[in-house]
Every structure is written in C-alpha cells, then in structure tokens.
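What follows is a group of structures, each given as structure tokens.
In the two complexes that follow, subunit A is the common piece, with subunit B as its partner first and subunit C second.
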Partner chain A sequence: MTDYAYAGEILRVDLSSGKTWGEKFEAADRRKWVGGAGLGAKILWEEVPPEVGWDHPENRLVLATGPLAGLPVWGTGGLTVVTRGAMTGGATNTQANGFFGANIKYCGYDAIVFQGESPDWVYLHIRDDGVELRDAAELLGKDTWETQQSLEKTLNLSGHNLSVYSIGPAGENLVRFAAIQGDYGHVASKNGCGTVMGKKKVKAVAIERGTKGVAAAHPKALFAAADDIAHSLQTDPSTKGLYLYGTLGGVRNLQGMGALPIRNYTTNVWPEEVETQKWEANGLREGFDHRGHQCSACGMHHCHMQVISSGPYKGQVVDEPEYEGWSGAGWTIGATDPQQVTWMNTQLDRACVDVNEFGWLCGWVMECQQKGYITDEDLGFRLEWGDIDGANRLLEMICKREGMGDLLAEGTKLAAEKLGGEAQDCAIYTEVNNSPRGHDHRSRWEEMIDTCTGSGGTMDTAPPVFPTDYGLPARVHPQDAEAVPKHVGGLRGRRAYEDSLGACVFTTRAPMDVLCRSIQAATGWDVDKDEAMQTGRRINALMRAFNLRCGIGPEVEKPSRRYGSTPVDGPIAGVSIMDQWEKMLDIWYETAGYDRETGRPRPELLRELDLEDVAEALWGANV
Partner chain B sequence: MTLRKAKKWEFRLTGVGRLCENARVFILPKMCFPLRDGVREALSKNCGGAMKILKIIPEKCTGCMRCELACSYEQTGTFQPSKAVIRVSSFEGHTSYAPYTCPQCDEAWCLTACPVEAIGISPAGAKDVADDICVGCKLCTIACPYGTMFYDIDTHKAFKCDLCGGNPACASVCPTDAIVYGEADKTDWVGPFAAERAKSPAGPLAGVI
Partner chain C sequence: MSETKSVKAIRVRLEFISWASTFVGGDGNERKIFDEEVPEGATLRDVLKKMSSRYRSLDEALWHNGTGELAEHLEIAVNDALLGIHHKLDSEMKEGDLILLMGQYMGG
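The block that comes next holds the complex of A and B.
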C-alpha cells in the first residue's frame, strides 16, 4: 500500500472554464517533494514560465498540505500557500494552520491547485468528492470572519466541521499585501497570496470535514513519536515558553535584546509610562477573558480567543494576537495598550492583510506625518503615533484604495519609492520586497540576512531550531558577522522541509530525529535528518531558481536605508550591520553553496539535490 | 470493515481472567438478556464496585479534535473522524467546545430497544454491539437519548463507544485532560455545560461570533 499518510490526489481547479478534476499525486514524487512547500515549488517551476506574472491567469495558486496533516501529531492542520506573489513577483511560501490540512485530507485531497481566472466571483465548496465552484456574489465585501459566519449559515455547519479560508476586502481590491485567512485567526500572510486569490476572483475555499480516512504505516509508532514531540515541546527550555504561552513571551524577550521594533525603528527604549507586567506573556494572557482555540490535534497553549475587557471595544471577541500582531498592530505604530492592539490585530485579520507589512506601512506614514513628509492634506487626516482609530481608518482607506490609500495599497516599498527623498529614507522594506517580520532586525542579524536573501516572500531559514542536530553551535551572538551567516546558511533547508509536512512550525520544534520518527511512522519511509535537510535544500534551491528565472537576482538582496540603519539608543546603540553586510553575504553564499556573482545555486549542488533539469536550465547543458 | 470487530474480540480474548469473571454478561451477548433487569447489579458485583466511565470536563476542551482521531483509529485502524464514536461539539461558534460520547447510562435504552439482542455489556462495563448479531435496523440510534449510537454506512451495522476494552484512546491522547477515565456516579457531563452556555448572553464570549 503506497497511500500511507497521503490522500493521494491533487484537486485541480480551472477557474476560466469552471472545470475541476482530480490528479494523482504520484508516489514517486511524494518522497522527493513531500507536500506543502515542496509540492508547490515543483508545480510553480513546471507550470509558471517567466512571462506569466503574478496577475496573469496562468499563474498557479497552490493551497497544499502534507503527510502529517490529519494525523495525531500536534498542530497538523497545516496549509502552505505557494504562488507567484504580488509583492516580490517571485515565489511564495507562506503558512497558516487551523483545520485546513486535516479537513481536506478527509475529503481525499492533498492539495488544491487553482489556475485560470474566473469571470465572476466564486467560492470553492468541497465535500468529499463533491467539488463545486459556487457564486460568491453574496460574500463580496464581507471580511474574513463574516465570510466564514455566512458560509456556516448557508451550509448549516458549525465548529470545525467546516473550514473556510478566504480573502477579505483587501484581497478583493488587489491590495498588494493581501493575505488568506481561515478558521478565525490563522493567516497565510506573505507575498500578496491573497492578492493572487483576489485576481483569480476566488473569494473563499469552504471545506467540509470529509468522511474519508488517512492511514499511517505504523500507527502505534506514530502515537509514540507524537508523544515524544509533545514531551520535547513541554520540557525543552527552548520551547517550554511557546508551549505555555505561544509567542506572547516575544514582546519582553525581544525588547531586552533591542529587537522589539518601536515606532518604526526610531527608538529601542521601552517607554517609562508603559507597565511592563501587562506585556509579559502571562500579563497578555491573563489580561483578557480567554479560551483555547487550538488547531488540529494540538496540545500547545498557543492559539486563543479573547474578549476585550476595557475601552471602546469592550466585549468584542478577538483572536489573541501572535507576537507579530502585538508588534505590527502595536509597538511598530506606537500603540502600547494591549486592549487596543488586540482589536487592531483582528481588524487586520478580518480585512485580511499581512500584519507585518501593515505595521511598517502605518509606522512609516506616522513618522512621515510627524516629520512633515506626508501632510494632513495628502493623507486626509492627522495620524499620530499610537492612534488605533486612525490606523483603522488608514486600513479602510487602503482596502478601498481611497485617496492616498490607493498608493499605500501597493505596500511600503513601492509607496516609499514613489514619494522618494527623505520619506523613502525612513521606510522599512527589503529591496526584493520580502516584508520583514515584526522585529527590529538591526539587533537580529540572522533574520535580516535571511529576509533579504529569502526566495519565498519571507525568510527561508527562520529562527534556528536545534542547530546542534546539524553540527552547528546551539547559539551564536546575534551580531557576530561570521557566525550568523554560517548559522543561517548551514541550517538552510530545515524550515522548507517543515513547511512541506502539513504541520505547524511551532509544533515541529523538536529534535530532528524525533520529528523524523513521526514521518517514518506516518509514511513508512526510512527518512532521516540528513534526507530531511536535503529535501528542504532542494525546495529552497528550486524556489531560488524560479526567482532567478523571473529576473529576481542578488542585486536586490539588501535592506532599505532605514531597515539597515544603526540603532540610536537601547541595548545595541551604535552597532551597524551594514558595515559587515558584504562580508556576511559572502559567507552566506559560500555556506549555502550558491554562486555569489549570479545568485545561482551551483551546478554541483543542484546535481547533488537531484535537480539535473534545473542545473541545465540555469547553467546550460554542458556545465 | 468486519475486520475491525474481529480485532476487538481478539483483543478482549487476551484478557482471559477478566473475561472469565464477566463471562455471564459478556461472552455471548445473548446470554446477558436474561439478566437485563439486573444487569447493572450483576456488573457491579463482578467488578467489585462503581464502574469506570469517561468523565468529560468541557471547560478544559480546546477543540483540537485529537480524541476523534485516536477514537477512529481504534474503531477502524485509520484516522477517520467520521467513524469516531466520540464527537466534539462546538458551542458559541468557535470559542468553546465539548466532547461527547456514550455515558454508558444505567437505563441503556439502546440495549433494551435492540430487537435482536445484539447489544451486551463488555468486561469493561461498556454497552457494546456484537457485529455478527446486529442487523443494522438503527432502532438503537433512535432509542439513544444522547445521540451516541452511530450507524456505519459501510458495514451496515450500529457502532458505539466500547471504552476501548478498558483503556480508552480518547482519554489517553487528550492534551488538556478534558477527558478522564475514572470512577464516577454521574453520567451527563455536557448537559449542565450546555445549559450554562445556552444562557446567552451570560458568558462573555456567547453569541458574538
């Protein structure tokens, strides 16, 4: 039996003709590409030639899950979105959790691939083999939560018996950093994947919890491996905080190392008037009436729903923000009242834009207003630091592309370039247009170099997880120009592999051997940590090859002036990353096995990764 | 699909000591019917006291549905929540959940309603369906006041929670201890919770989403 851990079929949807059909996910491809990011990268490379831009009907929008989805390993409802994205114009690799992966596999599919462009707005309804494109006229203009509520009513389903992943008003109006949100609070946010979905006129994907089964090769061993992963998450010092509080601890931890972005990178000093206890992990959790709202099979105390307990939005139910929300909808724009920030975070999920990009954009507009680069007349109103109602007004303008919102809807980089001059100098972006995460990366060099060199619309390597598994030091100094790029380059691959499993990156933070045991038990493969790494590097290399084919090369691998500036105060005042930038890139390229001049993965690396055809495409037949 | 029941019988037959002790009420379901009126007493006597059942603490449930996965694996050998005999019900949209399964109630309407006497009591004390006797008439699914008698469209048989022979998978995989296997004299765990949550808008999260 070859179908262990897989549903075995990919659902193809041609929006232009309205046809849908199932295509076999060949057993031979499974081990090479796994699912999620890997499957998406393969489809992108094979089916999207360079002349097909993000807004071309022939662009593919891949919503994929992987072998662990729907199985009892924690957090296995994963969705990976792969497409040619609107922000960078290159590959996209962005994740959300919830119940997508589980529900779709019980319907009998491992992935959905959209192609073409629908003449009218539609949503895709899936109920086992019954797949149908339905009229979405009634859903238009609704935000993502309203869309899900409306479909629950229409289909008469509640709870996790229906998964809805949709775009909000931002995606409908092709805001360049629009996202895809599902199951109340899970957002695949990077690289304008929601913009692509909007361009294809797909409002939502509604998946009923299917009735089919997913088999595991060694079910008892799978339970045992799942328990070991859970035990590691609960007890390892590097993950215990995540287990108890999700990413809430990030605010105070990162602030301590100067990595909390306060007011658009203008300061790194905690404002004296802000109560620190409120911003500790337990303060943020206990400051609200809250209830667990876990993803498929997950035992982390991570995702929660909460009720706003004071202020103008008192009584409203919102999704507890991730660290990124507290930062993007809060500290970056100068807002320091958790009650207001959590409301704004859910507004962003509902309108459905990338919370990071909105933070950089709104913080930039606030600073420009303060410094007079954007006048009240330009904007239509006065936007001060920390003004949540103003930020929400800005969000509405962006979503409707009203007034200056039309320009801002293009994202920080394009808007700043249009304004130019001093205004451009204070904008935070990368030249490749990957949105930085909600940190002050001037004190976390690993993430700045990763964000600038990433090929999937965000970082490729992401924070190091058990680096000792691969012979790297457990920790390096975050501003060590030699050790940092070696770490980032050396661990390259692990994240891409995790992104292919249909699991959550917070629940795969276990030693790689333990994680591999769960994959062995699920699939029956004798996969080990080295094969996992090879597979991840293959995916990374293919996405990079795709970007190079689209004309995105090493010349855009650098931060904007403000993003790469030197902090003026706080823990790392005066430490400059740009002095070390070229040296760091040299080391990173060397470690990754890519050519420094052209950015191409070297032919010998591509052959080692079993990418003969890519080597030929990039380097010619005779190299 | 018949395999799954065969597996179960086999599993129980390994517990020979317990099986002998409860042979009267278990080994041949037909034999338990003469005891129908006194079945509870007989069972109590055999088990030496109160019986263990699945206690559900809905306040602790976060709706991850892991119990459904483990349960369906015990039932079918694959991960297929549509065949689970524990189901997670949602209250207030997406903010509160409660698993529910057969409370192994004293009255056992399923057992008394069954026209072919296919439902008996297992050594673990669970009311259980014998596949080879069940004719799939679904009467038990109508009789059950809790909605925890299910009908399998593939096997054309009724199926329900059998407490996994005394080691319930749902309780062992629940990450928040919302399901506990223990002795109890009460069977309706979800009822009061549901009643409380229905008192809208009492709960602050009620009815908003």
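The block that comes next holds the complex of A and C.
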C-alpha cells in the first residue's frame, strides 16, 4: 500500500537508554487522528497516566507533523508539540512553522516521540534513516540562534538543508514558560513545552533535509486545491492583509477596538505621543530593511527577517515580530518604539520563552514596582514602563533564576500567588494557567472564554474562520454573552483539525471545502468538512479527558481578577465580562456537549466521536 | 393635494483606519475620512449602505453575502464605543456622530 501523504513511521527515542527505533504509524489510526495534535493527543492519553507529571521521565514529548507537510500547499512545514506541560500540568497543543514538517517527512518520519530522560545533555541528529543522540555539552548556555549557527557549522549545512529546533537558556534552567524555537524565529511557545524538553536534557533536534519523497494520491488535484487556497488567501477581505503583511495589521486593528493590551491592562487608550504611522502594517515593515523568510512552500508575505535601523541596536538582524511580539515585547510593557520592541522580541526568541507570558510577567512587575508592591531592593533594580534594557535584564535574571528571577521563572500566576494581596490583583493569568495571548480579552470575550476553557495550554477554538461553513453567523458582537459562547463552542474542532495537518493556521484560513479538497487530494480520503470538524472535536475531547484524569477540571476555568476586570477607558469602558461569566460558561458547555458540573464530555458525545474507551474511563462501563 | 414635508439633514463622519482604508480607495496606511450628509432619522445601517453603494470592495467586505447582516471582516465603533455597546445597526444617527471602521483583529 502506498503511504499517500504520510512517511508512515513514527520515530521513538528513549532518552534513558539512548535507544531509537521506528514504529509504524498505522493506517487505521491516520484518518482517525490525522497527525500533529491528533496523533499527540492519542499518545498522551495512552502513554501518560496521571501519576506521570510534566517533569517525570515517562512524560512524552511529541514533535509531530501531518499529511500536508512536505507537499506543495502553502505553509506546510508545520510542527505541533504535544506533551504534558509545565504551566498547566495538563495537555499541550502548540505550533511552530518553518521547515520541520517537510524535512522530517523527507527523512521518513511523521513524528518524533521522546520518552525517558537523558543522563547527559544531548541533541538528536536525523539524516534520512540515520538517527543519533549526540553530546550537546558544547551547546549548553547558547541561545537558540547560536545553537542553530553552531550546528550549521558542525554539520556543514545551512539554509533549508538543515532544520534546528532547540531550547535556549530558559529551557535549560527549567523556566516554567520556556519554549521551543526553530529555523530562526518560529516558536512553539505554549504551556512550557521547552521546559519539558529541558527536563529531558534534549538541547536540540537537528534534521538534515532528507531524500525521501512524499506522494500525493492525486497530484493534479492537489495543485489545483493549493492554487485555490492561495487565491482565497490573496483575495478574501480578511486574509488579504494577512497575505501582504502577516499579522502586522493587528496592532492598529486591536488598538481601534480596545483590544490592544497597554501597560498590563491599566488603560485602553493609545498614548498621545505615539506616532500612529509607525504602527500601521506597512509602517512597521517599511521602518526596516527586510527580506522574506518564508516557511516551507509558502507564498505569503508573512515571515520576514529585518535589520534594526536606528538606536542602540542598529545593524542587528532580528526576526520581524508577529503581532504577539509587538504586544508582549512592546505594548504590554509600555514600550512604543518599534526599533526597540523588535530587538526585545528576538531576545525572547533566543532565550526562548513564551512572548505572551513574558509580557504579562514583565508588565506585572513594572506595575507592582510603580505601586510599591515590589521594591527596588526586592528586584535588585528599578524597572519602569517601556524600559527595554530593564526588560532584557529581567529576562536574563529569569533565565538564570537569579535573585527574584527564580520566583518569576515560575510564571505570572505562581509568582503572583506567592506575593499575594494587591500585587496578585494586578496579575494577568488564568486559573488553569493557560497564558492569554497578547490581546486585551476584555474586548474579545470569545478569546477569554476560549483561553479559560482550553485544554491544550491555550485557546482550543481560536478566532473564527468562515463560521458560516458550519451554519453559524458570519459575525457576532464581541461582547454578546449569548452569541459569543455559542460561536466558540460551535466552531470547536476546526482549529484542532488544522493543528493536525502539518500546516500553518494562517494558510489554512480558507473555506473548509477548499481545504478539504487539498486533504482529499493528498491522502485519497473522501474527507469532508463534517468529518474534519468531527475529528477536531475528537482531539479536543481527548485532551480534555486527559486533563480531567490529571485533576484539572472546571473549577479552574476562570480569569484572574485583573484579566477579568472592567476596562476603565477606551472603546469598551465600563463593560464587565464577569457579570456574564457563569451564563457564558453555561452556554459554552451546552454547545460543546460537555457536562457543566464535572467538565466531562458527555458519554453520548464521546460515543459519537468514536471514543468508547474514553467514555468508559470517564463515566464508567454502565453509563 | 398632499403636503410636502421638508426632511432635515444631519452630518456624520466615517473614518476608515489602517487596513480598512483599502476598501475605500486608500492604501492601508492612512486614515480615510468622509463627512456624509444623511436625512434625519437615518440609521447606522443606512449610513453604511450609502457608503458601501459607492465602493464595491467595501460592499463585499462589510455585508455578508447580501443578507443585510454584517460580515466578519470589519469592526465598527460609534463615538469611540464598539458597536453593540451604545448603538446597534438600526440605531438612529445623530448630528456629529463618528463612525469608525477598522479591519478585523488578527494575531499569532
């Protein structure tokens, strides 16, 4: 049988014994779980029992791609990381792009599964069938870019011939929100996936571009579908800006609707002195010498490298921040000079932490210093709003766990709980410890409820994409307490399916029937939009079941006091989400098909999703 | 003979910021401002319909497949408050109202 769209093997790496082997990715499992998030969820459920915490050697770290990776559909170099994460202690579903997905499949694997814990620091080297754990002593202490540069030199390879996904000093020192970064600027950031990699003493994965092909079932139809996806991205009113400028347009759009998080949610009004023009999408791009830094097979004008053109970091090459970088390394901490923010964003990528979590943490420290909750003596220096050098100093303290950095390395929630009182009231986090992304969600209620109920360390549904494909309204008012949870619950599944394809979620923002045509052509399956949604919901339900088994239930599905506070100014001044919170949860649970009291997916839903064993595990054999 | 009643006009301002300006002939890098005269009693929907009748790309982006309902591509604020807080599509406009249109949010 031809393994259309799949390499057909999963690479297993036992770090305790140093043994590696290939395992068949059974054809029967492929359609049910697809790859990426789905494959990872299955492995997590079957192989990580509740007593195996995030830092236990038997935790699994799954680096997976999916059926579209390595094929000529835009943005198909995708990496999905699934593990039991260090932030929530539950499931993780986080993505990075670049060339991982293509290069690993050309080596003959659909995924890498790390288990065990190495006695010494290692990196995994893959070259076609040659798989080897190598000594990483010389890489220790290096940031992620230095690590890639060092391995390029060692292996005498560069450009797209070598993918390196690594942790930085943060992961080495088990900073709880450490991330995994690859191919200069692509970060799987959520739920402390880099912390798990550090605990396993894996510094990096280096994949030489393999020589094996990936076959499509219907090549001509695949090209036609890929062209249609590209056309949709180039012409749809929502994605045209994304096609031309990536996520740069987010700053002005979100500022206009009161959803740009400014100075740790203390205001929603843009400071008068800010030069608006600099923060327009093309203003941000034209402010720098830049060049395209596209991911595998991608035609979007999205990822770029740029050169800082003025100020103390002039001449340095950095990766152009995503919107989240402009937010977490900028607005959240009161920094409004793009030249400085872009430098800080790359510092975060290189040290390798989640830019969102750093933003909430640094903004919180700044506000606490301003209000006297954290003194200069506590911190060791004065950190004012917008102080980029100070923010970088804070980052170094956190990565080395020096002084107060040791506490801050635990993330915003745990640090704020430790300080307690009025300091805790200023902190932005969720009780489940999913890091909110860099928006002011008090203006985007769908994202706040999604972040609080998400089972993968972040949002499960994420922003709506063609909701009318599934009979939902094209648009709902962002503060409509009835329509919002129906939208979030009703679209639940699409994102998890996309996260399983080995593709970038910015290039899968096409109508679902068009996206399904690409999957049909790649795999030969007659998949349609309903099957796609059903598969995504299966993945979401399994991650939730995993979390429930780990003791993470509905009691932690709420925002911190500041995260759920009422804005005092701007376009949503005086509008309170918490007045509506319980009602919204009621509707969300009903729409998702989950039990409101226990948080469990209902047994009839689990059976419908072909998860009989999960229904039995959660509800007992006789329900 | 029927009596003709004169209808008083009011003026409202529409501002298209950032990417939204591309739907009314801008380059996405500027603020496009239109001062529009509409009959007293006109609703927000009337004002937007009048505007979108002049710009095809705005018409395609603003309305969902001719249903008369808003599509997902643009966000609207009236007098600095998001649509839905103090105004709905069928709210009556007042002299001097400011209607702000911006691209839908994105992130990542």
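Convention: the second predicted complex is superposed on the first by the 622 of 623 C-alpha atoms of A that agree within 3 Å, B and C clash if a C-alpha of one lies under 4 Å from a C-alpha of the other, contacts with A are read in each partner's own complex, and residues count from 1 in each chain.
Throughout what follows, contacts are C-beta pairs under 8 Å (C-beta built on N, C-alpha and C of every residue); 3 or more make two chains touch, one makes a residue touch a chain.
These figures come from a predicted structure and were not determined experimentally.
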When subunit B and subunit C are modelled together on subunit A, clash or fit: fit
Touched partner set for A:Gly130, first subunit B, second subunit C, both or neither: neither
Which superposed partner A:Lys212 touches (first subunit B, second subunit C, both, neither): first
First (subunit B), second (subunit C), both or neither touched by A:Gly421: neither
Touched partner set for A:Gly292, first subunit B, second subunit C, both or neither: first
Subunit B versus subunit C as contact partner of A:Phe506, first or second or both or neither: second
First, second, both or neither for A:Trp74, with subunit B first and subunit C second: first
Subunit C, subunit A and subunit B - angle at the middle CA centre, rounded to the nearest 10 degrees: 90
Shortest CA-CA distance in Å separating subunit B from subunit C in the superposed model: 20
Contact residues of subunit A, present in both the subunit B and the subunit C interface: none
Complex interface listing, subunit C residues touching subunit A: 17-19, 22-23, 27-30, 57, 60-61, 64-65, 69-75, 77, 80-85, 100, 102-108
Subunit A to subunit C touching residues, read off their complex: 237-238, 240-242, 247, 249-250, 252-254, 256-259, 277, 280-283, 322-324, 327, 437-439, 443-444, 463-464, 467-468, 473-475, 477-480, 505-506, 570-573, 575
List of subunit B residues in touch with subunit A within their complex: 61-66, 69-70, 72-73, 76-83, 88-90, 93-97, 173, 175-176, 204-205, 208-209
Contact set on subunit A toward subunit B in their complex: 70-72, 74, 99, 102, 106, 145, 149, 152, 158-160, 183-184, 209-216, 219, 223, 230, 289, 291-299, 305, 307, 315-317
